[in-house]
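Shared between the two complexes below is chain A, which has chain B as its partner in the first and chain C in the second.
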Partner chain A sequence: MLRRRLLQSLLALPLLLAPAAARAETPGEKALRLHDEANTRAKDQYFEYDVVTQEPGKAETKIQMKVKVKKDKRFIEFTAPGDIKGMKVLVASLTQMYVYLPAYHKVRRVASHTRSQGFMGTALSQDDMSITTYSDVYAPKLVKETKSEWVLELTRRPGQSHPYPRIDLAIRKDNHHPQWFHLYNDKGLKLKSETRSDYGCQAGNICTARVHKVTDHTRGGMWTELRRTGWKVNTGAPDSDFTPRALQTR
Partner chain B sequence: MAGVQHVAQPLALLNAAMTGQRRIPDTSAQVKLLYSFLSSDPASTQLVTPDRREALMQVKLDTARAAEQAVILDEVEAWAARQQLETHLRAERQGPRGAEVKARLEGIVLARVRAAAHQLGVAIPTASDALLVQRIAAPAPAPDPTPVAAGLERFLRSEECLTPVSEAQAKAVAAALAKLGPGASEPAVRAAASAALGDAPGEANLDDLVASVTAPLREHWGSQIALERAQALLAGAGLALPAGEAQRRERLLAAVSSALLDLEAPTAALPATGAAGDAQAGAVGKLALQVTGQPVMNRGLSDSVGANQLKSLGFALLFVFVIMTGLFRSLWSGLLGMTPALFTLLAIWGAMGLLGVRLDIGTSMLGSIIVGAGVDYAIHMLAAWRAPEGEPLTAAARGAADRSGLAVFCNATMIAAAFFVLTLGEAKPLKNVGGLTAAAMLTAGLATYLAIPTIARRRRYRPQRADDEGELPELEVEAAEARKAQN
Partner chain C sequence: MRKAHLHLLLAAALLAPASARAVEFNFGGKIQSDVRFRVQEKSVGGYWNELKLPVGVERNQNLLRAKLNAIAGPFTGVAEIDFVWHGYLAAPEGIASLSRYDQMSPYYLKVHGLYLEGKDLLPGLDLRIGQQLVLWGKGDQFNPTNTINANDIEDPLLFGEQQANLMARVDYTFRESFSLSGVLVPLFKPAILPRSGSLALAALDRLPFTSDPLRWRIHAEQGFVGGGMGYPTVVANAIPVLPEQSLKNMQFAFRLAGTVKEQDLALSYYNGRVDTPVPYLNYTRMRKERICNPADSGQCVNGMLETDTYLTYPRVQVLGFNAAGEIPLGKLPPLGYRFELGVFFPQEATIGLLNERLDFGLVQEAGEYDYTPGTPGRPRPTTVRSTPFAKWTLGLDYTIGKHVYLNVQWVHGMVDEFGAGDFFSEGWAVRQGGVTTSTVQTLSCVGLKDGRKCAREMLHPRLGDYLVLGVDLKFREERILLRVFTIWDLSGYTEERYDEAVGTRVRTHHSLFSSEGFSAVIFPELVYNFKNGFELGGGALLELGKDYTRFGDPATGGSLIWTRARYSF
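Entry: the complex of A and B
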């Protein structure tokens, strides 16, 4: 009886191990997981940014904003210029975005079909600001590895609606944060590029770039640079700061 | 006019997305906020400069005919002059110039109603302006609260309402708030909402509810009042479309209703009076309107071409007349030499008029070409015009045709053929120039051999020189041979 059970167990072992083998992480998945973990390592973060945009042939424009981040939620408040001062944006999830318009005393939900459009005259779209972690939305493939970085090709998973079917992403090995992105459309045309530079770290291993530069190749090389002017980590921001109600009351 | 585009249209559309009311918002803070959204839209940025100090109002014309464009251009310029807003101020409806503000807003609404009717093909006789103004100024009828309650209920059930409410609560709150009527105070809204929610909703929840529902409540009432006024206006002014045209009727009703919302605007731009009180009455600004665009350039070009044509042609004809007079030593001969050119000018310009070909940069060159070619052929003809004593002038004509005809017609045909090639292309201006020049060359050749023999009265036009002495006996021999042949 004992021998029979032992035999059954031995026979069943490959069946038990098979799913585990199927779930084994590829190098690309591991790199992207490390990136996502690095992006959500802090309990919460607070940033202040100068957002400078240069459109070819036009004068440079500047916006100032404060950003609170907690896991995949973001709360953005514009502080300058006067036209948009007091306007707030809540990214509650990849598909839920709200905006508070002080001139109208109103909270409006941002329709999904408008989120790929340029945001406040910058090279950024609302979709660009909504994504924090990529593993759920994109399937990664490691295409190159050097001493300092992994280069991944991300392919949008079926059923996901993020606007870029393909993203090429370079992740730094030292802090697991992005070095650069290239964003493509479904015809393989490069739409945007983003670089992140001048990383700094707090609380041990919570790191962010001081400068993000996004270039829109579809608009003659128009670029927007987010220059970090302030940064706090683990401020203890409550979850209630990341609700539509907070837009109107905070 | 096929349409008008200006930055107020995307602003009004954005405002409709915010409030449901397709109109320019009432406050500058709202306008500035909407401008910041427009800054991402390349199409809208063509209508206003980044510093928002200059804007473009584009009037689209559905005609390419210069004469029709000129009429519309005159009307647009007259409109621009009538605006009298060079120095204007923002006057309050409740201020000392309230009556003027009301009249201006009514004028704006009247213009918008007329424009909407025009766009939808509904004719409004000019004589009915007074009736329309009377209807526009008529007090609003008591509005129906049912659509307001329905709109509020939808809002309360949406994610934009800060206080989550059940379906039953939304229905009760919406009905209670609609029952208050337009212009309800915040305490009244709060009390009605509290009573409708029941079971002590909590201060925070009530605060959020009142904060989020106040603006939609005001907007729903505003829209409902405007809609009912529009229905009354269209019916009263006899502009209601038949039921069979439901889509057009709805569009007209929506456009008129949207226009009527402007009657409630708190301010309007009025011309500054120059009085000391202007600065206190409202922000004084300067507005300059400049009419520009292709029709203005066309008009300038047309004026320039017309003036140049007259000057240059007059000068050319005078110069040719002087040279011809000097060459043939006679004023009459000078005039005779110009006859083919003048005849050809009349023929070609007449044909242009009949065919509707306009005078443009290309066709304006025809005059000079015709004068040059016509005079050239006339000189050939007159230089060869000689008849011996006792012979009729027909002998001179025949002799001149014999001696110069081949050269003139070869020249005219070759130049005509060369210009005719231009008619085989696609460019209309070049086709016009090519065809007309070819026709002008042949006409000038024909005119030379028809006009000069008809008008000429002398035996010889070229002054006789010493080396011409042997010519006459030779001509006489030729004439005698000709007579012999005829007999």
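Entry: the complex of A and C
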């Protein structure tokens, strides 16, 4: 009897401690949690993008792609230009990425070390494309709050391998989505900036920006814009659409 | 219950609104033109049967690839076909050739895929039927477990390419990251060999027998008959004999694949046939015709022993293991790895040597060779032992900064190497053979039916070890790609001959770092991508080493330089 009571007490202990843990959430953590929730609120989403890149002094180049997103997983299919048409990328997690190369008819696992390389010659890197939620990877600190936004300084958590040790992030209060990012290296040098604009919403509170603009300050201000040309939410995409098997079908 | 479920699915498909059943088409492809030049002449054979690859244009290949996907609900139809037109042709065979487009403008179709696919026919179950590729190997280009499709090594620049074949494939995915696959291949397809592969037919000294004494004896006999009697042996015809199309000759394979602790793992089993041919019957006849060396009329042969060689494709079972993932490197980004292992269980292959009555002063009556003196005709010698053997590829890759990608691989067993013969189980491939003795001494070896004291061979393990080193350098936002890949034959070559001084046969090993043992491929290329579908590229394929080596072999086609223009749409 005594033993059962002791066991019940031990089981109850985490419940008693839980509210204390919840109270410990800092304003920065709350803002980032709201951001992550907003990013994963949809059951799934489907986008079509024109990805326009401008290198200083050169003509614009354009890539077209379709992107399916479900929670933290992404499935990208390139549709233009012809040399990358049919190429597909699956981001199964931050450390598991696969690519289907139509010329080789083969799915190849992409090792993490390649992710700092450019993404198809754009200002984005593969790492930039792979992250959806930040709370697990970064510790947030609220550095500024205005009527319309929270500004956070994110510091990479120990053991995490995302390439930017610090990110400054402004989160809109109205839809909890990002307004802008600044990405820094370990010497505090600003490597990239990203702005997101022209937000639209569907199904009530599922929102995304129509334009993402990423500027690479290490490459003379080269920029890439992801211009959304198509968007659907809650399409009913099954989990099987986000597996290596899906790369080889269709 | 299951039947009811199926009926419901069918009913749902039939009742689906027209919009849901609408067909979506995707079309794409490429137009590509290749021009290649051979920069080094390669030849084999004596003046009586010389085969030569001259310096000059090696090929002008113009290709249109069309790819069409038609998607209707869970069903997809895929067609991916190359139309290839050669701008460079061989000499017309006669005046009639000048009226034939197929001879004056040679062309062909190549199917990469022509299949129908049903996705999630039952939860997690996909079915694909038609001409298709099933590539399970995780290695880069060197895939000992890609045994389901036959290799296509016609084009040395497309190393690792395979041919589509008729198959039925079922994939069942469970627990999100695991899949069980089954493949049935009703018809056997052999490998497509390099155009220069015919030169290998002139290399009759590369005796395929596993028995050392038999090889030494035949080297002595070929040396005596060819040198002393003036009747060299040549291959008149090489005739591949495909397995009959029957239920028992169907090939099949299974695979279980999944991700465990972020490592991609797969186990596979294949039951079928090796796709590169091995000889199983030689039939030799005599052709009496005096042929003199055009460059030296005093040098003549009295005729030739012409051999028809029949080729077969032995059965084999392959257990495969694939793994790919990352190796942590502390604070640095992890190292990528790929490991692919195939354990082969081959059917033993033997060869019969038959001849017509041969009369070159000495008479050899018609019949079968007495492989073991005293017991003519039996047992037939082995060309592939049934001893199991392993081929593998261990690859590591790493990226340095934004511009440099490195790839290193240890390849044990090249695509066409087959049969036990490495550090687990001794077995040699003869790369060059002959005699070191005078005609009289050779006659003595022939008379004694023992070539031990006469024969000389240059040997290479049946399964060689190769180091692949590659680097990609990307510049100008990935517009410029400079790629250099190299393959180094680590096994070296072993020369074996009889040493009078010690009274036995001795072996001398020539390593990669000696002129006798050096063999390598250096494959640099430079590609400019205009970022709108256009690409221009050029490079070289340098095949280095002496003629008996793996890569210096004339049958590889010799060194090339090439240019390529491509537009993808």
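The definition used in the following text is that the second predicted complex is superposed on the first by the 228 of 250 C-alpha atoms of A that agree within 3 Å, B and C clash if a C-alpha of one lies under 4 Å from a C-alpha of the other, contacts with A are read in each partner's own complex, and residues count from 1 in each chain.
Methods note: a contact is a pair of C-beta atoms (placed from the backbone, for glycine too) under 8 Å apart; a residue touches a chain by one contact, two chains touch by 3 or more.
This is a predicted model, so every value here is computed, not measured.
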{"item": "First, second, both or neither for A:Lys144, with chain B first and chain C second", "value": "neither"}
{"item": "A:Thr95 touches, of chain B and chain C: first, second, both or neither?", "value": "second"}
{"item": "Which of chain B and chain C A:Pro238 touches, first, second, both or neither", "value": "second"}
{"item": "Chain B versus chain C, judged by how many residues of chain A each one touches", "value": "C"}
{"item": "First, second, both or neither for A:Met222, with chain B first and chain C second", "value": "second"}
{"item": "Contacts of A:Met87 with chain B and chain C, given as first, second, both or neither", "value": "first"}
{"item": "Chain B versus chain C as contact partner of A:Ser161, first or second or both or neither", "value": "second"}
{"item": "Overlap of the chain B and chain C footprints on chain A, listed as residue numbers", "value": "61, 82-83, 102, 104-106, 108-109, 117-118, 120-122, 219, 244-245, 249"}
{"item": "Contact set on chain B toward chain A in their complex", "value": "17-19, 25, 27, 29-30, 32-33, 35-37, 39-42, 50, 158-160, 162, 208, 211-212, 214-215"}
{"item": "Chain C partner contacts - residues on chain A that touch it in the complex", "value": "53, 55, 61, 81-83, 85-86, 93, 95-96, 102, 104-106, 108-109, 111-118, 120-122, 161, 219, 222, 238-240, 243-245, 249-250"}
{"item": "In the complex, chain A residues that touch chain B", "value": "58-59, 61, 82-84, 87, 98, 101-109, 117-122, 219, 244-245, 248-249"}
{"item": "Touch list for chain C against partner chain A, complex", "value": "28-30, 67, 69, 71, 76, 112-113, 117, 119-120, 124, 126, 133, 135, 138, 140, 160, 171, 173, 176-177, 179, 259, 262, 264, 324-326, 333-336, 338, 397-399, 401-402, 405, 474, 477-479, 529, 531-533, 535, 566-569"}
